[in-house]
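Handing you this structure, nothing more for now.
For clarity, chains are labelled A, B, C and D in written order, and residue numbers in each chain start from 1.
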Amino acid sequence: MELLNVDNITMKFGGLTAVGNFKLKIVPGELIGLIGPNGAGKTTVFNMITGIYTPTINKIYFQDRDITGIKPDKIAKVGIARTFQNIRLLENLTVIDNVMIGFHLHLKSNLASAILKFPNYVREEESIYRKSMELLEKVELEKYELEKAGSLPYGHQRKLEIIRALATGPKLLLLDEPAAGMNPQETKDLMSFIQKIQNDFELTILLIEHDMKVVMGICRRILVMDYGITIAEGNPAEIQNNPEVIKAYLGVDVNYA
Amino acid sequence: MSLHLVLQNLANGLSLGSLYALIAIGYTMVYGILRLINFAHGEIFMLAPYFLFYGVLIFHLPWWTSIIAAIALTAVTGMLSERIAYRPLRDAPRISVLISAIGVSFFLQNLAIVIFTGIPKSVHRPAFFKRLFQFGEIRIQSTLFASVIVSTIFLTLLIYIVYKTKTGLAMRSISTDIETSRLMAVDVDKTISITFAIGSALAAVGGILWGLRFPQLFPLMGMMPGLKAFIAAVVGGIGNIPGAMLGGLLLGMSEILFVAFLPALSGYRDAFIFAILILILLLKPDGILGKNVQEKV
Amino acid sequence: MRKSLFVLTLAILIIAISSVSLAADVVKFGISEPMTGAMAVGGVLCMQGYELAQEQNPTVLGKTVELVLVDNKSDKVESASAVSRLIEKEGVVAVFVGYGSSCAIPGGEVANKAGIPMLSASATNPLVTQGKEYVFRACFIDPFQGEVMARYTFENLGIKKAALLVDIAQDYSVGLANFYKNTFEKLGGEIVSDMKYNTGDQDFSAQLSQIIASGAEALFFPGYFGDVALIAIQGRELGYTGKYLGGDTLHNPVLIELAGEAAEGLIASTFFAEDAPVIPESEKFVKLFKEKYNETPNAVSILTYDSYNLMLDAIERAGSFDPVAIKDALAATKDFPGAGGSITINENHDAVKPAILVKVVNGNFAYETTVNP
Amino acid sequence: MKKQNEKIFTILALIVLGILVYLAESNLDPYKLRILNLGAIYVTLGVSLNLIYGFTGQFSLGHAGFMAIGAYVTSLLVLPAYYKEMIFILEPLVWPFTVMHTPFIIALLLSGLFAAIAALLIGLPVLRLKGDYLGIATLGFAEIIRIIANNIPQITNGALGIKGIPEFTNLWWTAGVAIVTIYIIKGLIHSSYGRALMAIRENEIAAEVIGVNLTYHKVMSFTISAFFAGVAGGLFACLLTTIDPKAFMFVMTFNILIVVVLGGLGSITGTVLAAFLFNFSLEYLRPIEAGFNIGPIIIPAIPGLRMVSFSALLLIVILYKQNGLMGGIEFSWKGLARFIRKIFPNKKSSEGSSI
């Protein structure tokens, strides 16, 4: 059984087709790369999967459940988490708050017990705090616990955003250009980090990335998009040799040698 | 309802609506560029007819000189208010600017009370503006023609300025992104000053015509027209100049027709306007002519 | 520049707060009137009367009367604070809230609770004095006024169809219109159109078109004179040819100035008319008023003038500044010779006085008739 | 500083406050008490508006409307029956309002409840709107509430308003309600739900993607905010003893907004300070327009000057303190301790260990 089944969806903005007939099936445990030039429609795919946009035509299924047109928070609840191309942290909140907020959707205590600090809530909050600190330790951000998230260096912000996504307890994680703006060493660390969390959290990951080193390095399966449609699919070697891909993409602006 | 009553009410609505439209155009310009609800717009509007009144009555200026002086003075007041109360807050949180605008509004209102006293003053209208045009049983004030003509002229003029001149280009660029505009060597401060001058001049023209239509001045006279003009601007699509005009006409018309068709509910007149506003916001949040801007994710 | 502005503001503040004058042998009368806000003109008129009266009779029981004015901004919250301030901070022996029932009612609540006598010159709403031991008024009340105007419309003018245009946000307007309507319908007349507006509205074309279409021969509009002036002008512009009728707030020269020709023929009930046949005190007042202000006296000023003198008289009759004694003296007032007619306080603490009707003729208010209670 | 100690300090502070309230109630004149009461009511109003605007980031301009609902509910519930008969001179009060009567505290709670219900009904559709649009829509609702109050004399007595409301409000009530409000709203903010609210303020899309249900949290915040506005309205009615629709014009909302922004968005401490400052300065500026002498120069009384100076002051503060008096910083015992140590650096070691 596949975890995610994107069934031939199309997204139109006015007369413009941003994504056309996009198909994708992911089985649990996969790490899939989604590449393509700027404006190819990759982020739009993410936005449809996470409920920010509703596809104009056809449906998306998660664990055989139709999740088309469901609000983003409900989608987070069923187990899909994501990061953003332009990092969207809660900049004026502390680093620890940014992680703890990820646990909010699983909160069992009701509003009254949270306001009045009943023991059940206090216990839950403490456990959320512990779990959040553990997550922070994983990316070595625990010493920034009480800093404002917006004041962190860029690379740390990226990691924090991933950690926050993990806090929601996802089965599927969508990463939108996690390596953007990183230097080669950071990128390398990131690659091993992504593989590590995939193992540790038993995640399935869908990854948009411009840095070919990352995609070719860690993804077994890669999808290439251009002008809203999928032009190729296959393993790294197949993609590298696909003439369609080379024409549309690799030849244009990327040198990954 | 008899036909002539319907027609009379349509004329009434047009008359009120065209005045709303004029004020709304100025409102929408300032909002479109600064994203600032300029609560002081109504007070700027109130000052103009006072200036006119004092020009004619105290300084014995001829009407036309006085009108021009009043518009100029009001435009300067508008620019000054921007210079003093909004410019220093360019990088501050938007709410601070809004509070500053409320402060300017309170300040001008009370300054007017101190200077002009709270006692209403009558406007001595030139003969032309007292004239009535009668078509059968329907009576139309001359101000209706004046305001329709004037607002059409200004609408055209503004569209020309915004879309065909360099200043207009600068305005449009600031309205999209103030930071980038700075980088592109747009003189942001100057352009905003000009915008305020134009917006305030429009408020002045609206205020003067208002004073001629409703010949009475009092320091609080700008409050409700200011709020209505803002509603008109929102209904029409804020930042959109033809939209403001349309919104103003629509608002004036619906106010009048509401009372005309439901006289028993005349006490709910303003409530009806707010209900329309909320309904339009819910159905078409960007107003009737507004562009639907989707947030980039 | 900014710094100096800051310092200047601060300096003004400090000076303002520290300049408190103190004098012995002074007794304070507290006045809370609308000096700003929607009813500002009323406050100015009130002050003319108080000040003239104070000039004429500056002492009581050997002490000099000092008038302490606090602006209530035409606002009821401010009015309560203002009266509270007068009583607690200024230590006044009597309170005057002359203009506007909406300010006199909360002011009266505070004065009554504090046990300081309050006298309102021209607040006509029945609720001003109702159930308040310490609150009195020097004028008649709205039910009487409304009845007088309705009778006048039906009986004297012979009008059977009347319209109402009511300021729904003003208690005065709503109340008076209601009393007018009740009497008018009881007499057999018909209210053909009952329209509403809000204080500060400037466009009345829709309501007026409706009223004209309803065939009303008289329009009763008991609002504040600013709004009424606009209604009168717009009504004539839209072709209304019937009568304009209103209450005491309209008896104000500013109304005629604002409405111009449109005010011609308007009839209002009021407390006093310059050319009405009344007692010698009136003549004296008119002469003094004209000397001091170079204006025709108005009904509000004469009532505040009277209320000051009535308070003085009550204190003298009481023989002390004890609030209880003053209150009792006020309650016992009988045939006090006021400039605006003799005043007798009834068991409800309201003045029993005739109503006088005035009509605008050639840009001036002219005496029309007197209606006795 | 340990949590335990903080609790002790807070309890001590409350006791001190209680003593102060007692002293104020027994020594101050009604005029000063009125100002203090208004200040405390503004604390409740300001803190509740801060919840929806400062913490949740939703620009609501509807507070005056919720206050109005609260004020009318309380008035109708505590007004003595003979007064109900006496003041409704236009149209008699309709059943069941004629017979309803509850103690003050129940009336206050019901005031909050009714305001909250109104907020729920209004919030569900309009909280989808953003920014200024939300502001103008909520302002519209508040005005509609006020206009309706004008038009249903059989319940509200129309423009005549309700008079003779028993003067239940005193400092115990106003300060008590203010403290309960602060306690509950602070409790909310410092909880997982509060984090969700702040997440919405910071970035709606991010919040939603992390699983924060926008509608639920926005409406919850709006409703709680309105609840306290309603309670404050009830206190307000029983302080003034007379209310009418005019008291709840949108200027009232602006005043509360000014308090919140002056104090600093998202700072409860700032709101508390600003609430009192606002009411004090309004009162203490009064002498400005009464006329005074500077040496030989006599300044005549100029009505309106007070509000001119007030708005000038407001402008100056907002221009110099763009982030409000507290700039979003919150009072805490820890912060106070740091502050004291900064002022008395020599005592640092001993103070540090004892606090």
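Methods note: contacts are C-beta pairs under 8 Å (C-beta built on N, C-alpha and C of every residue); 3 or more make two chains touch, one makes a residue touch a chain.
All values reported here derive from a predicted model rather than from experimental measurement.
Central chain (C-alpha centroid nearest the global protein C-alpha centroid): D. Each chain's centre was taken as the mean of its CA atoms, and the one lying most distant from chain C is A.
A separation of 32 Å divides the Cα centre of chain B from that of chain D. Chain B and chain C have centres, each the mean of its CA atoms, that are 35 Å apart. We define each chain's centre as the mean of its Cα atoms; on that basis chain A and chain C are separated by 72 Å.
Separation between the centroids of chain A and chain B, computed from CA atoms only, is 48 Å.
Within chain C, contacts with two or more other chains are made by residues 35-36, 40, 43, 168, 196, 198.
Multi-chain contact residues of chain D (touching two or more other chains) are listed as 147, 150-151, 205, 303-304, 307, 312, 319. Counting partners per residue, chain B has 110, 113, 118, 267, 270, 297 as the residues that reach two or more other chains. Against chain D, in their complex, chain C makes its touches with residues 2, 5-6, 9, 12-13, 15-17, 19-20, 35-36, 40, 43, 69-71, 73, 75-77, 80-81, 84-85, 87-89, 102, 105-106, 109-110, 113-114, 125-127, 130-131, 167-171, 173-175, 178, 196, 198.
Interface residues of chain B facing chain C in the complex, by the touch rule stated above, are 1-2, 5, 8-9, 12-13, 15-16, 110, 113, 117-122, 132, 137, 139, 141, 210, 214-216, 218, 220-221, 223-225, 255-260, 263-264, 266-267, 269-270. Against chain D, the residues of chain B that register as touching in their complex are 35, 37, 84-85, 88-89, 92-93, 95-96, 99-100, 102-104, 106-107, 109-111, 113-114, 118, 230-231, 234, 238, 267-268, 270-271, 274-275, 277-278, 281-282, 285, 295, 297. Interface residues of chain C, counted against chain B in their complex, comprise 35-38, 40-41, 43-44, 168, 193-198, 200-203, 205-207, 209-210, 213, 226, 229-230, 233-234, 237-239, 254, 257-260. Put simply, chain D touches chain C in their complex at residues 29-32, 34-35, 86-87, 89-90, 147, 150-151, 153, 158-161, 163-164, 167, 240-242, 244-247, 283-290, 292-294, 301, 303-304, 306-307, 309, 312-313, 316, 319-320.
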